[in-house]
Amino acid sequence: MATKEYAFYPGCSSQKGASASNYLTSVESMCKTLDVKLTEIPDWNCCGASIGYAEAGELPRHVLNARNFALSEQHMPGKEIVATCAACWLGARETRERLTHSETLMADTREALKESGLEINEMPNIRHMVEVLIEDLGFDEMKKHVVRPLEGVKIAGYVGCQTNRPFGVDGESFENPLYLDKMVEMVGAEPIPDYEQKVTCCGGALAFSEPEKAQAQIKDIVESAYDHGAEMIVTPCPLCQANVEIYQGQVNKRYGTKFDIPVMYYSQLMVVAYGGDAKAAGLNGQVIKARRLEEIAAKPVKR
Amino acid sequence: MTEHVATNETILVVGGGISGMTAALEAAETGKNVVLVEKNPALGGRTSQLYRYFPKLCHPTCGLEINLRRLKGNPRVRVLTLAEVSGIEGSTGNYTVSVKVKPRYVNENCTACGECERAVETMVDDPFNYNLGQHKAAFLPNAMAYPQRFVLDPSIIGTPEADKAKAACKYGAIDLDMKEETIEVKAGAVIWATGWQPYDAAKIQPYGYGRFKNVITSVEFERLADIHGPTGGKILRPSDGKEAKNVAFIQCAGSRDENHLRHCSRICCMASLKQTHYVREKFPEGGKSTIYYIDIRAIDRFEDFYQKVQADPTVTFIKSKVAKITEDESGNPVCWGVDTEGYKRYTTAHDLVVLAVGMEPSVKGINIPGHIASDSSGFIEADPANGAVFGAGCATNALDVNRAVQSATAAALRAIQVVNKVAKAEA
Amino acid sequence: MADIKVAAYICKGCGLGERLDADALVKVAQKDGKVPMAKSHDFLCNADGVAMIKNDIANEGVTHVMIGACSRRAKTEAFHFPENAVARANLREGVVWIRPDTDEARETTQEMAEDYIRMGCAEVKAMTAPEGNPNTGGSKTLLVVGGGITGMTTAIEASKTGYSVVLVEKSGVLGGWAGKLYKRVPVHEPYKSPADTGVADLASQILADGNIKLYLNATIAKTDGSPGKFVVSIATESGATHTEDIGAIVQATGFTPYDMNKLPELGGGKSANVVDQAGLEALAIDAASKDGVIRRPSDGQPVKSVVFVQCAGQRDPTGKHLSFCSGHCCNTSIKQAMYFKDANPDVDTTIIYSDLRTPGNGEDFYRSAQEKGVIFTKGNVAEVVPTGNTSTVKFNDLILGDADASIVDADLVVLATGQVPNSGVNIEAPAVAAEAGAVEVKPISILNLNYRQGPDVPHLKQGFTDSHFICFPYETRRTGIYTAGPVRRPMDIPQAREDATGAALKAIQALENAELGRAAHPRSGDLSFPKVRLEGCTQCKRCTVECPFGAIDEDVKGFPLFNESRCRRCGTCMGACPVRVISFENYSVNTVGAQIKAVDIPDEFSEKPRILILACENDAYPALDMAGMNRIEYSAYVRTIPVRCLGSVNTIWITDALNAGYDGVMMMGCKSGDEYQCHFVKGSELGRVRLSKIDDTLKTLNLESERVRDLEVAITDIQRLPEMINKYAAELVAVGPSPFKGF
Amino acid sequence: MSANTAVADKYRNNFLKEIEEQVEMGDWVKMCMQCGVCSGSCPTNFQSAWEHPPQELFMMIRAGKREEVLTSTSMWNCTSCYNCIVRCPRKIPITHIMHGIAEYAHRIGKAPKMQATRFFSVLFWKNCTNTGRVNELKLSLGLYFKDGFVQGVKNGLAMQSVAIGLIKAGRLNPLELFGGHKCKDQKGIQAMLAKAYEIERVRKAAKMAG
């Protein structure tokens, strides 16, 4: 397969030293194996995320996203924009939909963009990395590179909200998306297709502002993974990853549970399965260490 | 029933359910020649798969018996089963219709004695029971089947099973060399009475149909209650065969929903009200029904029936569209939602959930041969562009049986108007 | 009939040959059945077997055919000999399929089969082939009563089919209620806005149609006769009476809005600013003729806020108002709210409903109203209080849980009252009115039928006219008279038009069949008809009273006068007749009585009881057949005779059976009562009433009441019936053998 | 607004119209048919009940209950999970309307001052638009110290283990406090946003004026 090239929108949480920096590490290694070339949009800005709503207003939020489109167009005309973060992807996609369907909004956006010397002529396609993997590469292609199957590891595929609703990945159901399970299977591990909390909300930003509400949901998500005998949870979303992983201690305090389950990105599983070491997979970035994965990553590659 | 030659004074009726049979019989009893085309191996259609009708709680097979008797005694109707229209050519008063007839592998010698069924061992899914059960690969489609003639499932043709069936038949009724054929029928007018299909419940993702065994559809529930059904008339849930005494009915499963069917399917509220009666009938002790609804549409004279069910202490009404269904460890479906009257949240486990699935016209998504104008839901519209092709029954709108029969009777007259003109012109 | 020649044919297919001694059956037919020609055949229903019978008819002079094979419900087309009298002995579903294939059962199974052969031979000999009612009329004109949307549609559709029509309208204009509407609910996509009513178009079609004779300001003074030859007197405003020969009648007399003055708590009649839906239409028409602004009746100020109260006086469980839902009102209020919103989006329109009922594509219309800003509130209105030029609407907001919600300063309140059918005189009402002690204004008859049973078509419990049947919406109880539109069930315009078209077909069909001397539904095509031996008649009037279809009048001397074209061939008159003077060519007291007598009754020491089953052919007999098809076993001691309806059962059959030594009689018929499932409406009920009086007979015979059993049966009772039969057989063993055996 | 006019406004279009004009996607409120699927789909509504779930808020808007709606804490419970949107049979963009009502209530000063998510939402937007990118450390600290210094220290201590875990994993950089990630063209971003606010203000004012 020829090299696939995209404009890359990593998002705030993926930056160095930020909460999803390990996601970026693993994505970079994964893309290298898969011959996917990601070129970062120069000087990209925050998508505004869903939680910014109180102060954001409608137009400022879309303008913020539109700035990234304009920069992408300026530097990489014609390239699709790929985001790894669910919120970035959703925020950008929403802006794309709204601007496409409202001439007024489009005109207003253009006017505001002028202030920073930018312009939009064409609407870019906004893709999530998972879409790129599934739709542009396909499971067969992804599977070809597996040299170290994660045999015997039982993994709960936690899809969460924003990669799933309202847009979701083509062909998947909102209530029971199966692509993470297919990915788990693809890397040689054991999926849990009937994991019933796979699309439960992690609480989103309420994890910060009203933690008791979010943690009640995090508890359900983790508990059900345990009930199904999962050794780890895998997710495509940085906020899901963070919420479900880092608050397990707090949940334990609140509910008297003894949760200690690693929460991984799909890209980390793939890197290990593709023969990458712990560092390339960003395993050092886990607050709850993924020992089992570290062991596998330390093993020699089967060729 | 003798065979007559179809001419352009013949009326072709497509669909042998209650609407098609009505249109055919009403036209024939007014002196017209009719060809009735049915895609299944037996007439009766969707209503013959119902256990009881609302609001009288009488049995659809009772009316079917009358209609079949009318049919058996009327030489003007020629019935083609396992037959589908594949093309219509011509114009008002002068159509040539191509009908594709699938092989039954059983000819008119069949006496329905059942020897072939006893000889064959292969079991196949039983579509009459919505595949909730199986029947032999040599079968009579149902107890009321007309033509009263067995059918061989195509899957056994060319296998020793088919030979066994043939050997068992003493009357030379099994013909394994039957082939699919396309015949041409002349007609002056065509009545399209292809009815409806239950909306594909698996598309209503939050309800988990297909994922949870104890979430079934309203049409399937009819089969569970019916003595001819897969459980012999016992309401047993699919997962473990346990008696389902605590049953939830979810209204608007697909209907009134822009993600699915935009229209209201009209019959589902009444169907669920009726089905609470099945629960009461089968479980005089401990039967319990819960209806989750947006609006109860017990329209016109049916209101009485609603009031009767409302007065029943075993039936609970909750104004709420159920948000989602999960399954608990005992396999009970659990309904999640909010009672919008008074804002009460609920997570309630039931033995069985019945989705009151919406009505989708059977013609939707199928390329009707020839031009037929339909609305965006797929229902056939009355449109001059349709020439002498007239819709009847649920192919034209979401209708209850009574209204479907009215519609079919009206369609018969419209067709008669056309063939009368043809006759006059030729006289 | 002159010479008859009976032939009996006994089939050996479907296991009959193996399970039964066919030669013995042939001998029984010859010896006991006294049939000159009796044959058996390996496969009677195939081409060869049928050819054999046809050959005998053509070349051997066979007039009467007895077929001992499968049930009469099977192979009906193969054994179709319309020129001959035909009887079927049900040896398959009725004998071998319900009996175990064991050596010990063989004897009783054979006895059963032999009895059925005897019965078949006896029956066929008592029959003649039906020849059709000769007393026919040939009028091809339809009378349509009512010039609203329904009546106009019926007239136009009938005319298009080639039939002439007499259309009678009591007012001076065509259009009915629809003519008083500003606009109607749309019937085509996109269901966004009110549409033209189409009334003017229909009226002009009527006026331009030479096939339609129109009487305005006219009523029906008298309706005489029967299908194909009704004679109808039409009274006009001038006082002149016109007589028309009519083939069939469609009554399309529509509805009257429920009187809002009966709803004072909702402000009905208390303020000019509280109107019903019809009142709002009038305001809208008035507005359209001026500046398009709907104004407050009290002071002519433009309406700024309007509240629609749904189900006003409808869906009432207390019995005070209408119990039913009128079906159209939700869509009508939506349409009326749009009158305001389309003219001025700033008018506040609120619809207070308890269940919004917009079936089918009405859902799109509902959405359109929401898009236009109509507010929908789920609630129950408790009170409408008019004060000055506005009203306060007090209601229980069911969503917000606010029992004291109110809307103040509403300029206009529209009450969605229901449709009361204009169905004429309720011929069954007098008894009820007397009970209640109420002085009701006597309704005016619409059809003025010169029938013994009363001047109008019978009503259903809510005042609507037939049909009560779900599968057969046009089955009225007055043959050749159909009702259509809102007189039959609450309905909107598109439904009424569909109904009108269907009714036109049924009326046309009725007059065509009447001309051919054939029966109408459910025995459609039946050529048999009732014949009465008047010389034996005692003028007891039971037949005239009991006929469910009003077919029998009385002549001046008090004898029954049969209007055969009104007859539906149920045989209720035959069952009612104490002196047994009424019969059909192929179904009579004799055809059944002969069968009862043909059964061989073993003596009381044989321990072989005999049970007679009289099974309604519509539901009970098919259920027994299906029990056979499912190989569900039941007692070998029963002998089943299908009857047209329980109503046709003459008690003589029961006394004959008991006298002959039968140990018990089972009557199986359809459900009667309010939710009747009897295909002849009252037949099964009348049969049961007669049966309830049989106890006296039993007493005079010194017999136990258990000897006769009445069963209400449905076609699905394929398991229950065999159980009941076996249970009854066991009970009779306990009661002991009939003392009449051997006499 | 006097009590009398409040009564007169009940079940009138006034507040509905205000919402349609001022709230993002507010013109969808009238399309609700009160099925309640949104209320039943909301995860926070099930974990800890909203005072008024979405469908009820819509009915309240239509019933003219202005004060109750705008001062409600309910819409601030939205986690943006989009369950309601995908299940709504009327395809109403409920998530956006919840955000929109919250934004409007906040804009006109009706929103409950002490509502934590309101505070965080404002904080987040300011944080990310300040430099163009989120500074996660400052964001967290801002939240902890919203109720003053002492409470802030307490909050911080409560979250200490979480923070230490993240720092150890290299996912929280204490140095972010002194700068951190930012966009180069901050000036352009500020100007662009200022313009966007201005356009939006003008448009909404025009709608209000009719």
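Lettered A, B, C and D in written order, each chain numbered from 1.
Going forward, a contact is a pair of C-beta atoms (placed from the backbone, for glycine too) under 8 Å apart; a residue touches a chain by one contact, two chains touch by 3 or more.
Being a predicted model, the structure only gives us computed values, none of them experimental.
**Student:** Compare the CA centroid of chain A with every other chain's and tell me the farthest one.
**Tutor:** Relative to chain A, the chain whose C-alpha centre sits farthest away is C.
**Student:** Any idea whether B-D or B-C has more C-beta pairs in contact?
**Tutor:** B-C is joined by more C-beta pairs in contact.
**Student:** Of the chains shown, whose Cα mean is nearest the mean of all protein Cα atoms?
**Tutor:** Closest chain centre to the overall C-alpha centroid: B.
**Student:** Using mean C-alpha positions as chain centres, tell me how far chain C is from chain D in Å, no decimals.
**Tutor:** From the centre of chain C to the centre of chain D is 63 Å.
**Student:** How many Å are there between the centre of chain B and the centre of chain D, using C-alpha atoms for each centre?
**Tutor:** 50
**Student:** Just curious, how far off is chain C from chain B if you go by their C-alpha centres, in Å?
**Tutor:** Distance between chain centres: 23 Å.
**Student:** Residues touching two or more other chains, restricted to chain C: which are they?
**Tutor:** 356, 378, 399, in rising order.
**Student:** Would you mind listing the residues of chain A that make contact with two or more other chains?
**Tutor:** 174
**Student:** For chain D, what residues touch not just one other chain but two or more?
**Tutor:** Within chain D, the residues that touch at least two other chains are 33-34, 55-56, 83, 86, 90.
**Student:** Sort out which chains touch which and give me every pair.
**Tutor:** A-B, A-D, B-C, B-D, C-D
**Student:** Along chain D, where are the residues that touch chain C in the complex?
**Tutor:** 7-8, 10-13, 16, 30-31, 33-34, 55-56, 59-60, 62-63, 65, 90
**Student:** Taking the complex as given, what residues does chain A use to touch chain B?
**Tutor:** 173-176, 194, 196
**Student:** Would you tell me which residues of chain D are touching chain A in their complex?
**Tutor:** Touch list, chain D to chain A: 24, 43-44, 47-48, 77, 79-83, 85-86, 95, 99-100, 102-103, 106, 111, 116-122, 124-126, 128-129, 132-134, 136, 139-140, 143, 161-162, 165-166, 168-173, 175-176, 181, 183-185, 188-189, 191-197, 199-200, 203.
**Student:** What part of chain B is in contact with chain C in the complex they form?
**Tutor:** Touch list, chain B to chain C: 1-2, 18, 25-26, 29-31, 51, 53, 56-67, 69-70, 72-74, 109, 111-113, 140, 143-144, 148, 170-171, 226-228, 256, 262-266, 295-304, 307, 319, 340-343, 375-377, 379, 381, 397-399, 401-403, 405-410, 412-414, 416-417, 420, 424.
**Student:** Spell out the residues on chain C that touch chain D in their complex, using ranges where they run on.
**Tutor:** Residues 305, 346, 348, 350, 356, 366-367, 370-371, 373, 375-378, 397, 399-400, 405-409.
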